[in-house]
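Chain naming follows the written order as A, B, C and D, and within any one chain the residues start at number 1.
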Amino acid sequence: DEQERAFQDRIDRGEKIEPQDWMPEGYRKTLIRQIGQHAHSEIVGQLPEGNWITRAPTLERKAILLAKVQDEAGHGLYLYCAAETLGISRDEMTEQLHAGKAKYSSIFNYPTLTWADIGAVGWLVDGAAIMNQVALQRTSYGPYSRAMVRICKEESFHQRQGYSIMMKMASGTPEQRRMAQDALDRFWYPSLMMFGPSDKDSVHSAQSMAWKIKVSTNDELRQKFVDQTVPQAEYLGLTVPDENLTWNEEKGGYDFSEPDWQEFYDVLAGNGPCNADRMAARRTAWEDGAWFRDGLVAHANKRAAQRMAAE
Amino acid sequence: MSALVEFALRMGDNTLILGHRVSEWCGHAPVLEEDIALANTALDLIGQTQMWLGLAGEIEGEGRTADDLAYRRDAFDFRNVLLVERPNGDFGQTLMRQFLFDAWHHLMLKWLSENSTEGRVAEIARKAEREAAYHLERSSDLVIRLGDGTDESHRRMQDALGHHWTYTGEMFVADAVDDELAEAGIAPDPAAMKPGWDALVGEVLAEATLAIPESDFVHKGGRKGQHTEHLGHILAAMQFLPRAYPDASW
Amino acid sequence: MSALVEFALRMGDNTLILGHRVSEWCGHAPVLEEDIALANTALDLIGQTQMWLGLAGEIEGEGRTADDLAYRRDAFDFRNVLLVERPNGDFGQTLMRQFLFDAWHHLMLKWLSENSTEGRVAEIARKAEREAAYHLERSSDLVIRLGDGTDESHRRMQDALGHHWTYTGEMFVADAVDDELAEAGIAPDPAAMKPGWDALVGEVLAEATLAIPESDFVHKGGRKGQHTEHLGHILAAMQFLPRAYPDASW
Amino acid sequence: DEQERAFQDRIDRGEKIEPQDWMPEGYRKTLIRQIGQHAHSEIVGQLPEGNWITRAPTLERKAILLAKVQDEAGHGLYLYCAAETLGISRDEMTEQLHAGKAKYSSIFNYPTLTWADIGAVGWLVDGAAIMNQVALQRTSYGPYSRAMVRICKEESFHQRQGYSIMMKMASGTPEQRRMAQDALDRFWYPSLMMFGPSDKDSVHSAQSMAWKIKVSTNDELRQKFVDQTVPQAEYLGLTVPDENLTWNEEKGGYDFSEPDWQEFYDVLAGNGPCNADRMAARRTAWEDGAWFRDGLVAHANKRAAQRMAAE
C-alpha cells in the first residue's frame, strides 16, 4: 500500500526511522525481536566472563574484566532502551527471555574453561559481534543505529583487550600456550556460527535486508571475520582448527570449512553445554530480586504520595 | 613489619576482599542497573587495592608487588576486617555490608586525605575518597529506599543489619599499630572515627525506619590475621591461577 | 599417553570428583543417617581414587603419585565424565546423580573384575566392586522410596532425573582409547554396557514411578578433558594447599 | 523418700541404671540434657572439620578425615539412641537444638582456619573430649555408659590422627610450623574451657556427682588434660600460649592460667566466632531436608498399607 511504499522509499533514500514515525508492524516486530535478542545477549554474556572475575590472575586483569562486564551490562541497557522506543517494556522482554520465547546469542551457551577463554571471548566473540555491529551502525532504525555507534566504540576496545590476553598466553609458558590453542580450538566454530546460518538457509533475511534491519548477509560477515581473524591467529602462532583453510587468491579471501550446523541447531534447541545453567542463573537472579524491585517501587509510591499530600 | 606497611595492608585487604565479594554478583543482580553498579563498585575497590598494596610493597622494600601481596599470601597474613569477608547472602545483606563499610571507609579516607602526615597515604586517600563518597551515597540511598519500602524489604534489611551489626565494631578498635600511626599523625585513632560513623549510620537507618540492634558485642580478629572460615574459600578461588602456574605472567 | 593410563585416569577421576561432590554434604544432610552414608560413600570413592590414580602413575612411569595426579593437574587434564562434576543441587539431585553413576559403575567394575585381561585392573575392580554394589543398592532404594513417596518428593526426583539425564549418555560413547582397550580385552566396549544399564535403571525408575525423559541428547567432553565450568571451581578448592605450599608434605 | 534412697543406694553400690528402672525425674532430665548436648556436639562438630574435607591436602588425609567425620555422626547416633531410652525422641532433641534451647560444646563455635586446625581439633579437642568420656564410661546410666565405651575407642584413634597431623606440620616447612603454632595458640584456651567453669562456679555439679552422671569434677579433668598435653606440645616443639605454665612438683601437675571466662560466657551467649554460622547450617540442613524425610515416611506408609491389604 501507499504508506508502506513511502516507508520503503525513506529507507531506500537512507533516512533514519524514528520512534514517532509510522512503520509497518512487521518492521516493528522484527526490530523488537532483533534488538531484544541483542540486549539479552549482553546480559547473558556477563555470565561466562563473570565465571573468571573471581579468578582473574592479576589485579589489573581483574579490573579490566570488571570494566568490560560493566560495559556489557551498559550495552544491554542502551539496547533495552532502544527496544522500548518500539513499544515494549524491559520487563516484558525479560519475561520473554525467561520463558524461552526470546533468544540470545548461542555463543554464550559455551563454557569458559580456562583463563585463555577470556582472551578468546574478547578476541573472537567480540570480534564477530563487532563485525555485525559495525554494519548495523547503518541500520534504518535511528535509536538502534545510534546505540550501535556507542557500542562499537567500546567493543573494539574489548576486542583489543582480549587479543592482548591471547598474546600473553600464546607467548607464555607451555601450559599457557596450550590453553591458548585449546581456547581457539573450542571457540573457532562457535564464533563462525555467530553470524547465523548460511544465506541459503537463513529465514528472515530478504525482508530484513530490504528494511535495512540487516545490512550485510550472514555469509558476507562470516567471510569478513575469517579474513580478519586468520592472520591474527597466525601472528599469535596458533593454529586455526580447520584443515581446509586456504587462501583463495581469486576471491581475495579464505576458503574455510562450514561449522557443524547440527551443533548450531542443538544449541539453539537448548542442548548447548551451558543453556540450562545460563537460564537458571538469570531466572534465579530475577526471582530472588523480586523483593528488591518491589521495595523500590513501594518506596517511590510512598514518596510520591507524601509529595502529593504536601502540595 | 612497619606500622605503615601494616596500615597499607589493612586498607588494601579491605578493598580487595570486599571487591571480590561484590564481584561475585556479576550477572546475578536483581536488576540490570545493579549489575552495572556492583561491577563499578568492585572495579573501584580493585583499583584502590592496587594503590594500597602497591604502597605496602614499596615501603616493605622486599620487592613484592601488589599482585604478589594479593595472590601469594595465605589467610593468616590478610589484614582486612571480618565484615568485608562475610558471605553475600541475599542482596539486602550485600547492600547492608556495603553501607556499613562505606560509612567508615569514606570517613577514614576523608581524614587521611585531609590530615595524614604521610604524603603517599594522603595521595591515595584523595583519589579513593571521591569513589568512596559515591559508594556511600548509593548504598545509603538504597538502604533508605528498601528499609522504607515493602514489609518484606523492610524485614530483609532489618535482618541484614542484625546479621552484620556485631562485625562493625572491629573498625573502631585500636591496637599497637593504630596507636603508633595515630601518634605519628599518619592515620586517625580508630575509636575517634566512631562518633562520626554513629551519627551518619544512625541518620540513614532512622530514615530507613530500621532499628539499631542492641548487641554491642564486637567480633574481631581480621586486622591481626584471625579470620572467619570464609576467607580461605575466597582465597582458594582468587589465587588459583598464580598458585597453579607460578612461573606464568598474565 | 597409553590407553591404559588414560583408562585408569578416567576411572580415578570419576571417583575423585564424585567423592569430592559427595563430601561437600558433610554435616548438611537431611538426616543423620544420610550424613553417615554420604561420608561413607565419599570415603569409598576416595579410596578407589587412590588405587586408580596410583595405577595410572605407576604405568605412566614418570614418578607421579596418585596425589600428584589428583592435586597437580588442571581441569583440561581431568578425564571424568561430566555427570560427576555437576553441582549437588538439592538432595534429590545428589541422590539421582549417584544412582545414575552407581548403576554404570557397578556394571563396569563387575565386567572388569570378571573379564579384564589386565591383572592390575581386575584386582582394583574386585576391591571396588563390593563397595559399588552397596552404593547402588542404597541409591536405588532411596530413589524408589522418594520417587514413590509424597507428591513433592516425586516431583523433585523427576526433576532431578530430567536435570541429569542428558549427562548419562557420555558413559556409553566410545573413542579411540576405548576401542583399543576393548580390543585388548582390558575394558569393555562402553556401548556394550548400555543395555544392562538401561534395564537396571529402567527397572528402578519404574518402581519409583518416575518417567524416563525423552531427550536422547548426549552432553559429553569430560573424558577428553572438556568439562563444564564447575570443575575449575572444584579444583580451586581441592588443590589449594598443595598448590600454595608446593614444598610441604602433609 | 524411700524410692529415691533405694535408687541412690544402687548407684552407690556401682549398679547401672537401665531404661526400664525407676529413676527420679531430676536424674532423667539431667541425663537427657547432658546426653543430648553430647549428641548435638557430635553433629555440630562435623561442621568445622567438614570445612576442610574438600581442601584436605592429600588423598590419604582426606580419607582419614572423612572416616573421622563419619565416626562422629555415628557417635551422634549412639547418643541420640541412648537419650531416646529416657523417653525423648531424636526429633524433639533436634528441635531443641534448633530453637537454641539445647546446647552443644562451645568449642565448635571456633573456626578451623588452616589445615593445622584439623590437627589441633583432633589432638586438643578430641583429647579433652576423651578425658571426659573415659570418666563417663563409669557413669551410672547403662545405655550412656555403654555408648561411652564404644565412643572412647574411636576417639582415641582420632586423637592419634590429629597428633600425627600436628607432627607433620610442626616438623614441616616454616609456614607449616607457623600454622601449627597458630593452631595451638587459638585452640589452647578454648580446649581448657571444654571442661566447663571452675568447680566453685559450676552449677549442677554436686547432684550430678552424687548420681554419677558426672564422674570427675571440671577442675580435676582440666588438670589431667593439661598434664597430659603439655609434654605432647613440648615434643612437637610448640609453645603453649601461657606464660604462667610451670611444673608444680608438690601437686605433681602443672600450674596454668585460667582461660578467659568472659569469652566462655560470650560464646555460650551466642557470640562465638561461628555460633550463627553453625546454627544456620544445621537449621538449613534440617529445613531443606523436610521433603526428604516426609517422602520416606510416605513411602513407608504406602508399603505398610499394601502389606495390610495383601494380608
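As a working rule, a residue touches a chain if its C-beta (ideal position, glycine included) is under 8 Å from a C-beta of that chain, and two chains touch if they have at least 3 such contacts.
Small disclaimer: the values here were computed from a predicted structure and weren't measured.
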A-B compared against A-C, more contacting pairs: A-B
Chain A and chain C, separation of their C-alpha mean positions in angstrom: 36
Length of the line joining the C-alpha centres of chain A and chain D, rounded to whole Å: 57
Averaged-CA centre spacing for the pair chain C and chain B, given as whole angstrom: 41
In chain A, residues with contacts to at least two other chains: 55, 175
Multi-partner residues of chain B (at least 2 other chains): 74, 232, 236-237, 240
Arrangement of touching chains [line / ring / star / complete / other]: other
Touching pairs - complete list by chain label: A-B, A-C, B-C, B-D, C-D
In the complex with chain D, residue positions of chain B that touch it: 74-76, 163, 166, 215, 217, 219, 221, 226-229, 232, 236
Of chain B, residues touching chain C in the complex: 74, 232-233, 235-237, 239-240, 243-244, 246
Touching residues (chain side chain D, partner chain B) in the complex: 48, 51, 55, 111-114, 175, 178-179, 182, 186, 266, 271, 273-274, 276-277
Chain D - residues contacting chain C, complex: 43-44, 46-47, 49-50, 53-63, 66-67, 69-70, 73-74, 76-77, 80, 90, 115, 165, 168, 172-173, 175-176, 281-282, 284-286, 288-300, 302
Touch list for chain B against partner chain A, complex: 16, 20, 23-24, 26-36, 39-40, 42-43, 46-47, 49-50, 53, 66-67, 70-71, 90-92, 144-146, 148-150, 152-154, 156, 237-238, 240-242, 245, 247-250
